[in-house]
Every structure is written in C-alpha cells, then in structure tokens.
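Please find one structure pasted underneath; my questions will follow.
Think of it as A, B, C and D in the order they're written, each chain with its own count starting at 1.
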Amino acid sequence: MGQTTVTHDSHAAHGHDHHEQGFIMKYFFSTDHKIIGLQYMFTGMFMAIVGGYFAYAFRMQLAFPGMEVPLYGTVGPGEYNMLITNHGSIMIFWVAMPVLIAAFGNILIPLMIGCDDMVFPRLNRLSYQIFLLSVVVLFMSFFVQGGGFGGAWTSYPPLSAVAEYNLTDWGASLWLIAVALEFVAFLIGGINFVTTSMNARAPGMRMTDIPMVVWMIVLASIMFMASVGPLIAGSIMLLMDQRIGTTFFVPSGGGDPILWQHLFWFFGHPEVYVVLLPALGIVAEIMTTFARKKLFGYKTILYTTFATGGLAFVVWAHHQFIAGIDPRMANIFLVTTLLISIPIAEILFSYIATLYGGSIEFRTPMLWALGFLITFLLGGVTGIYLGSSALDIYFHDSYFVVAHFHYTFFPIAIIGMFAGLYFWYPKMFGRMMDETLGKIHFWGTIIPFNGIFLPLFLVGMAGQHRRIYNFQHFPDLATADLQGIRVFATVSMVTMLLFQFVFAYNFFVSMFKGEKAPANPWKSNTLEWTVPSPPPHGNFAELPTVYRGPYEYSVPGNKEDYWPQNMPDRN
Amino acid sequence: MAGAHAHPNYVKIWALLLVLLVVSIIGPELGIPWLTLLTAFGIALVKTYYVAAYFMHLNFEKKYVWFLLLISTVLLGVFFFGVAGDVMKADGQNWQDCISNNTCAEQQRYVDGQLR
Amino acid sequence: MSMQGPLATSRSATGIPTGRLAVWWLLASEIFIFGGLIACYILYRLNNPWWGGEAVFTKVPAGAFNTFVLLTSSLFIVLAHDAAEKKDFDRAFKFIWYTIGGGLVFLLVKYYEYSSKLFTDDPELLKTPLTNTYWSFYYTATGLHALHVIGGMVIMALISFDLRKGFNPHRVELIGLYWHFVDIVWIFLFPLLYIAK
Amino acid sequence: MIEYFVPGASTYAGDIDFLFDMITIIVGFWFVMVLAVMTYFMVRFRRKEGVRAAYISGDPHSQKKWTHYPHYSVIALDVVIIVFTVMVWVDVKQTLPQAEDKIRVVGQQWSWFFIHSGPDGKLGTEDDISNVNDLHVKKDTVYHFELESRDVLHNFSVPAFRLRQDTIPGRTITGWFEPNKTGVYDIQCAEICGYGHGIMGATIVVHEDQQSYDAAMESIRNRTYESDYQKRLQKMTVSTASNSESFTDKLLSSF
C-alpha cells in the first residue's frame, strides 16, 4: 500500500466526483485519522527521499567539484544554491513537520486520549490536501524558467524579493507560495490537534494522565500557531515585493530587509522547538516502555517544557547577532539564549534519570531513542558556542553552524522519526518489523551520521563558510587537508544513504510478510495498545475510561510490570 | 452553551459603539496630538472591548479564552519591542540608515518599480 | 452536511463546545497574522513620520462609513445568533442575510475607494501600491481584510440555507465570532491608516 | 583551538579563541559527564532475568535533587559564559577605538569593492583609492571600516581576523579591526547573495610597514597593480576544475 500511496498522491489534490467507498475513497479521501496520518507519513518519507537526493548531489559536488555526479549530472553554482535551499526547506517543512507533528499527531492523539477520531475529521482531510498542494507547488517551482529558488531557506530579501538579484523569478514566488500553503495546512491541522486533545479526552483522563507525546505535539502546535502568524503576514508582503514590485523589504524603495529577518526568525526559532518537542515525546514513550520505568518527574518535564516553549519566543535574534541588528540588542538575546539551556538541560537530565534503576531492553526503537539523546546532546552543547554572541562573530554562517543544526535536526527529524516508526509500526500496519535488520539500519545510520557532521565541525573551525558550491575561489579553504575532510564527509553521507535501503526493504517486506503483531507487542501502558493492531475504523469497540497516568511500569505489588491506563484493577 | 446567561441588550451596545465611533472621528479633527492618539487608538481599544465582551460573549466565556487572547497580544508585543530597536529607528550603535538621511555612498534606487 | 460526525466532536472536557473552542484558536492565530502585519506597519510608520502626509489622501468619510457598516453588521449577526438560539430560524436566516448585505456594502465602498485612487487621471491623486511603502501597506492590509470579509460572507451564505432547515444552528455563533473579529480588525485599521496623520 | 586551524591575525582574535577554548572546556566536561552517566546506566541497568525495574516517580524532592543540582550548576556556568561573552562582544562590536585609518567596504553581486582613504585618512575625498578584490592594510593600525552594499545582503568575513559582519543595502555599518600579523588572508562573503555567491572571494594584504603599503597604493593608482587575489588563485593547491577523470579515479586519488 505504501508505494501506491506515494505514486497516486497527486490525484488527491484535485476534486473528484463521488465514488463508492473503494480503494481510492478509502485511502485518498478518507477522514479517518489513521489513514490521514499515514498519508502524511508517506508524503513526508517521499519528500525525505527528495531532500536526501538533493543532499547527495551537493555533497558530491563539494567533494569532487566540477565532476558529473552519478544519477544527477553536473552541479553549477545556481543549481547548487537551488539544491541547498530546497534541501533545507524540504527537510524542515516537508519532512520534519509532516512526519513528526502531522503523521504521529494524527495517528497517536485520538488513540492515546481514547476517542474515535479527530474532532474535525474533514478539516483534517483538508489540511492534508492543502499540504499536498504545497508539495505540488514546490515541485512546480523546480521546473519553471530560471529554475528553483536559490536564496537559502531563510530567503533573506532583497535577494529573494527582486528577480534581478536572485535570477529565479517564478522559482522564488512558487517556493514562497508553497511554504505559505504548508503553513496554512499546519495551522488547520494544529487547531484540530489542540482542540481534540483539549476537549475529546477519555473520561477520567486528567491533564497529568496525558501521555507525554500528546502533550508535546499539542504544545508544538500551539507554538507553531503563535509563531507563524507574523511570518504569514511577512510572506504576503514578500510575495507582493516579488510579484507586484512593492518595496516592503527592499531598501532602495524605503523598506527594511532586517524586518524580514525578524519575522522569519520569530517563526524560525520556535520552529526548532516545534519539531523538537514531538521527538522528545516519542523518545519519552519509548524509553519508559523499554526501561520498564515510570518517567522521571512527569510534572517537572511538563513545566520545563512550558518554560522552553515560552523562552523559545524571546531568543530569535541570536540568528542575527552580526546580521546588522543593533549590537546592544545582542546582549539581551545572548542572555535569553543561554537561559533556554536551563530547561532543556533539565529535560535531558530527567530523561537520563529515567534510565536509573530500569530494566533496559535494547530493542530497535530503544536504540533509536538512546541514539537520539546522545546525538541531540552534542547538538545542544554546540549550540552554546553559537549562542555566545562574541563567538558567533567567528562562527556565523560557517560549517560549524551547519554541523550544529544537523546535530539537532537530524536526531529530531530522522532519528526521532525512525524511533517512532519502529515503535508504532505494529500499530500502524499490524505486523512486526524485523529486529536484526532494524539494528543493522540503526548502526548503519548513526555511525555514518557522525562521520558526516563531526568533520564539518572541524572545517567550520577552519573558517569554511556555507553555501559555496566550490571552494576554489577561497585560497585558504581550497587546501588538500580540507578537501580530504570534505571527501570523508561525503563518503559517510553516501554510506548512510545506502543503509536506508535496508530500512526500505524491512519496511515494505514487513508490511506484507512480517510476523503478525499482537495488540500490545511491547507491553506498554498507553491506550493505543489496548486496541487490535491495526485499529479498526472508530478505534475502540467500547470507548475507554482512564484510571491512571501513562507510565505506571513496574508498580510494586502488581503481577505484571505494566499497568494499562484503562485497567480498573491490579493485575 | 451560551444560552445559560442573560443576554445583554445588543442594540444598546451598538448605539454605544456608534457614539464612540463619532468621538474617534471628531477627536483627531481638532489637531491636538495627544487627543488624536487618545481618541483614535484609546477609543479603538474601548470599542474592541465592547465588541469582544458583549458581541463575542467573552464576558460569559471561560476565563481561559481571555487568557488565550491576551497571551497572543503579549507575544505580539514581545515581537514588536524585539524588532523596534532596528526597524523603528534610523540609527543606532555603529550603524545608521543611510537611505533616510541620504548619506549612502553606494546605492541603487527603485524608480517606478524598476531598478536603476 | 448530514454526515455522522465522530463521537469525539461531542465531548467537551474544557466545558467549551468543540466548535467554539476551535474558533477561538483560529482567532488567536488570526491575531498573529493581522497583528504581525499591523506591527510591521507601526514600526515603519514610526520610522517614517512623513507618512502622515500620505494618509491625507485616504477618504476618512468612506472609512468611517465602513466602520459604521461593519459595526451594524456585527449587530445583525449577533441578533441572528440570538434568534437561532431561540429556534427562530427564519428570523436568524433574515439577519444572516442582512449581515451579508452589510459585507456587500462594505466591499462596494472599498471598491469606490480603490478605484478613485487607482483609476484617476490626476497624478496627484493616483496612489498605487507602488507609490510608496505607505500605500503598499494600505493596499495589503485593507486587501487582506477585504478577503476575510469575502470569506466570511461566503461561509455565512452557505450556512444560512442549512440553518433554515434547522441544521447546525450553533454555526451561527461560530461565524459570528469570526465576523466580530473581522470587525475588530477594521476598528484598528481605520485609525491606523485613515485617521492618524 | 581555532588557532590551530586558522592562525589569528588581529588584536581581538585571541579573545575569541579564548572564549572558544573556555566554552569547550565547560561543555566538554558536561558532555563527557552525561555520556559517562548514561553509559553507566545502560550497562548497569540492562535487562537481567528475574530483576524487576525500580518504581521511581521522580516527584519527591529527595529524588528531584538528582536532576536539580546538576541543573543549578548549568545556571552557574551559563553566567560565566555570559560574562565573558559580553566582555568580548562589547570590545569587538560596541566600542570603536580611535581610528588611525579608514576604509570603506562595499559588497556587490559578486565581488568586493574596497575604498582606501588615501594619504589624508578621510573617506569621500579626491585622493581615495578604490580597488576590486584586494584590500590593503598596514600592520598595527586601528582601522575603521564602513560597510555598505549595492544590492543584496553580503557578509564581510575575514576568518583570520575573527571578523564577520553583514553588509546591508541602505545601512552603513561601522566596525573596527587592528591587524597584528603580516600576511595575505582570505576575505569571504558569508551571506548567500545569489548565483555567484561561491565566487565572491577577495584578499586582504597586511603590510609590514608604510613603504610597502604606499608602493601597493601607488601601483593601484598607476594601474600597474597585479592582483594578489588572482595570484593566489593561480597558486592553489587543489585543482578543482577538471572533468576528465572518472568517478572512481577521483575517489581513489583523493585519499
């Protein structure tokens, strides 16, 4: 089913007359939250392939400049800009967000809070259809005259605002429209998530009985809603600049390019936390299940997450320390930036404390979850370097930044996604994935991943700056040593991509030939494990009542070491 | 549902809003700056309060909704004051807006929507 | 429209009906969109005091009349909601269409204002979005607001026919909330763009 | 540690390197500690037959302290980092020591345009000397630079000076540096500026004394100047333009 969903997706964007409930209706026009979640997931995975392919093309160009890249062709300067721009946009807007928030949110929220569907199923479908439309528009932007947009995912004006500067007249506009459509899709989806989990909880489920992943997805949706508004207004203004010729952001006509940077990063920084929080939630579910432990300090984690979410709104200008903002402002944002390390550190400490006294079983999802913690930790601590405004003078727009945010985004979007996928695969498809192949995939991803980005810290320290298609114009950077490092990173990258075939094989073969999954293969507590795998339409034969929190593992006096939320008595 | 509470007299509120509207138009005509600010924007806030509180029934809604809307406005304030240091001013520490005071040594200009 | 909704929709753990809760969240996100635009405008405006000289060319009487129209249509939709709650669906239907009429008058006045600035032979009075950034903001902000007015009118027309048959009367309240919000946005745009000189 | 990769050539390079080393020690300590604790937990508490996990809620204070105490020390270290950072930041970006000479740096798509102030030390006068791609400065001289841009955002970046600052069209941004080591260094554009962002390099030449500086200025004025940037490009160690080799040859030869 998976592959066909991807290939037929484009049809769903167009209206159809009413069919009878056939395959098409069931999988493309369904209002069932599980199907919509899978649609998001397959679209997101398809986009991940596109984004990975782009990364492959430009990493090859960096390692072997001027060479014809196998399966791609030569990468010129304009094309290089287009590849990095769209790699960034795709991975954040069309992979991390749909998979982590929309896919897991759609599949998990109704199941975990014990109701039969989202509160607005048709709005949910509309959200996916707008999202799909945004994908189509993005692909259109690659094929218009001048090629795809090449002004980086931040799309700073005046470069992005004036066609004479960026040379991608319609490419820039279509990119912007695609991003704006994606925002609208997630606004609609987010309202649905928030309303569902606020209003449709199962009887007996208190605020503190909600599984962490639901909390995290809801908080992420709220943060998204609050941060994206000004940027939507800004996108309209930028689109007017591009298409009509107004000068909101063009200084030669009286505008101010810095305003866009503020609008963008007022969204862009919370956006990091928007995708981080769901991943943290997924990891919490997995760690408690496989350590057979109660989550250490549920309330502490919850409150520190609130604090993180609040602080995330007042740190945005640390992306602009040397971008021309008033230097006095940098000191304020330096303090808030380093403040945010405090709640995040508290969350990570609590996660690690969860392991204490556990009975840890290293199944594939657990490996991914632990891998997430370690790699994200490195991403977090390198953030301190960049948050320090004075050091940012040296590191701004260098490969140190690239390595840093890949150490945060890769664990979030890819490791977190795989963790969730391996964990909930039985619930999604009713079959188990192969454990050995899963472990091979894990090690084959995590080791090359470090092989890519640890070296990039070093080239960043050597002063190598970003978004350069070929370093031959910078004599200090075009040395054999640095080139060797670039080749090493590229070889690691190709290795990592090759290991994804293990996953693809495992994923699709298990879907049809895997061992049939019982309702609760991991002996987990939350409500989604109390229904058959995969859950039928309407989820629960009888809507559950909740008696306790989601992490009551190894409770003394119980026969079993888990205690489902809807079980009235001791077992 | 909203039916549980006594309804305000909508027409009265509407008449009050119209009076406020007239004040907000006449006030600025006098040309006194502080009066302009007060009548134009102070009265806009009052009007907003009446529409929100009575037409939108916020006064009879859970307190939580007030909270939600206020948080939104506060965050906008954060955005505004974070940005104001750069965008609202024509100069600052070690930088100046050379377009507004015409000191740019090198600058292309937009004329009639075309880059010159 | 008679599709059986999921049971989840009828639950209300917060005590606010689901539809109304969602509209409040929608309005919160709209606050950010319009608020962001207005914040940008104020920032530029304070940096460019000469924009006051441009604001002279706006038509204050037209803007004031439009404020009156929107306030009145807000009254109509709240009366429609009142009627729908009392199950007087014909009266509610009537008031919804009065509201739509108010929206229409608003748009006509808007059209008059736009056309008097865009299609004039007098170069002094010709004000296009490209004239300067003040007019860019003028057209963007009022245009975005007008789109919201149009959207509200379309949705109102759609629900009015359902309402007459007695389906989904709670939707009158939801569209009402949205319409009041559009009204409030105009209450701010009017002094910002027209009055402050 | 940055010194190992790029030797510093300005007075404040050392401060920024110090900041890097300090943060490395602080976060390195934490990173290693956390990894060690995590590894210990993973080994010590791996699943064993018949051993049941403990039931720890983490809510009572006696348990919470295990995450709170480390977290207080994070606050303390944050304060240390903030204090040192602000000191360096104020020195580099917020103060302007008395200028001994001035230059104007103009970014344009896709090259750097430099204006030296000439003998009178003032910009905007007749004797200004302008040049593309090569900036000449004297050692141990405090320079004020004025950054401007003709079209889009650029970023005036000199890694050896630990200096980066965006150039913004419509804004004049002033900054300073004082080279303290002679040599020839890269200038980069570190903010994407369109199609030719990747070719927007330039060279800064730090002269030992006034004579060699004046000679360079004279040759620019006489139009007999040979660009140091072009000379360096020709001497580059890595050839990057060949298409002739096959993929595998290239891969093998690069190790």
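Throughout what follows, a residue touches a chain if its C-beta (ideal position, glycine included) is under 8 Å from a C-beta of that chain, and two chains touch if they have at least 3 such contacts.
Everything numeric here is computed off the predicted structure, so don't read it as measured data.
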item	value
Labels of chains that are neighbours to subunit A and to subunit B	C, D
Per Cα centroids, the chain farthest from subunit C	D
Chain-chain pair with the highest tally of contacting C-beta pairs	A-D
CA centroid of subunit C to CA centroid of subunit D, Å	49
Inter-centroid spacing, subunit D versus subunit B (mean Cα positions, whole Å)	42
Centroid spacing, where centroids are CA-atom means, of subunit A and subunit D in whole angstrom	30
Euclidean distance of C-alpha centroids - subunit B vs subunit C, Å	15
Sites on subunit C at which at least two other chains make contact	14, 16, 25, 28, 31-32, 35-36, 39-40, 43-44, 47-48, 130
Residues of subunit D engaged with two or more neighbouring chains	93-94, 151, 169-171, 173
Contacts with 2+ other chains: residues of subunit A	162, 226, 230, 245, 247, 251-254, 256, 258-259, 324, 327-328
Pairwise chain contacts, counting only pairs that touch as defined	A-B, A-C, A-D, B-C, B-D
Residue ranges of subunit D touching subunit B (in the complex, touch as defined)	93-94, 96, 104, 106, 108, 113, 115, 123-124, 146, 148-151, 169-175
Footprint of subunit B on subunit C - complex, ascending	14-17, 24-25, 27-28, 31-32, 35-36, 39-40, 42-44, 46-48, 60, 64, 67-68, 71-72, 74-75, 78-79, 81-82, 85, 130, 170, 173, 176-177, 180-181, 183-184, 187-188, 190-191, 195-197
Subunit A residues touching subunit C - in the complex, by the definition given at the top	110, 115-122, 187, 191-192, 194-196, 198-201, 205, 225-234, 236-237, 240, 244-248, 253-256, 259, 263, 538, 543
In the complex with subunit A, residue positions of subunit D that touch it	1-2, 5-6, 15-16, 19-20, 23, 26-28, 30-31, 34-35, 37-38, 41-42, 45-48, 51-59, 63-64, 66-68, 70-71, 74-75, 78, 81-82, 84-90, 92-94, 109, 151-153, 155, 157, 159-160, 162-171, 173, 185-186, 188-201, 203, 232-233, 235-238, 240-243, 245, 247, 250-251, 254-255
Residues of subunit B defined as touching subunit A within the complex	71-72, 75-76, 78-79, 82-83, 85-87, 89, 92-95, 99, 107-110, 113, 115
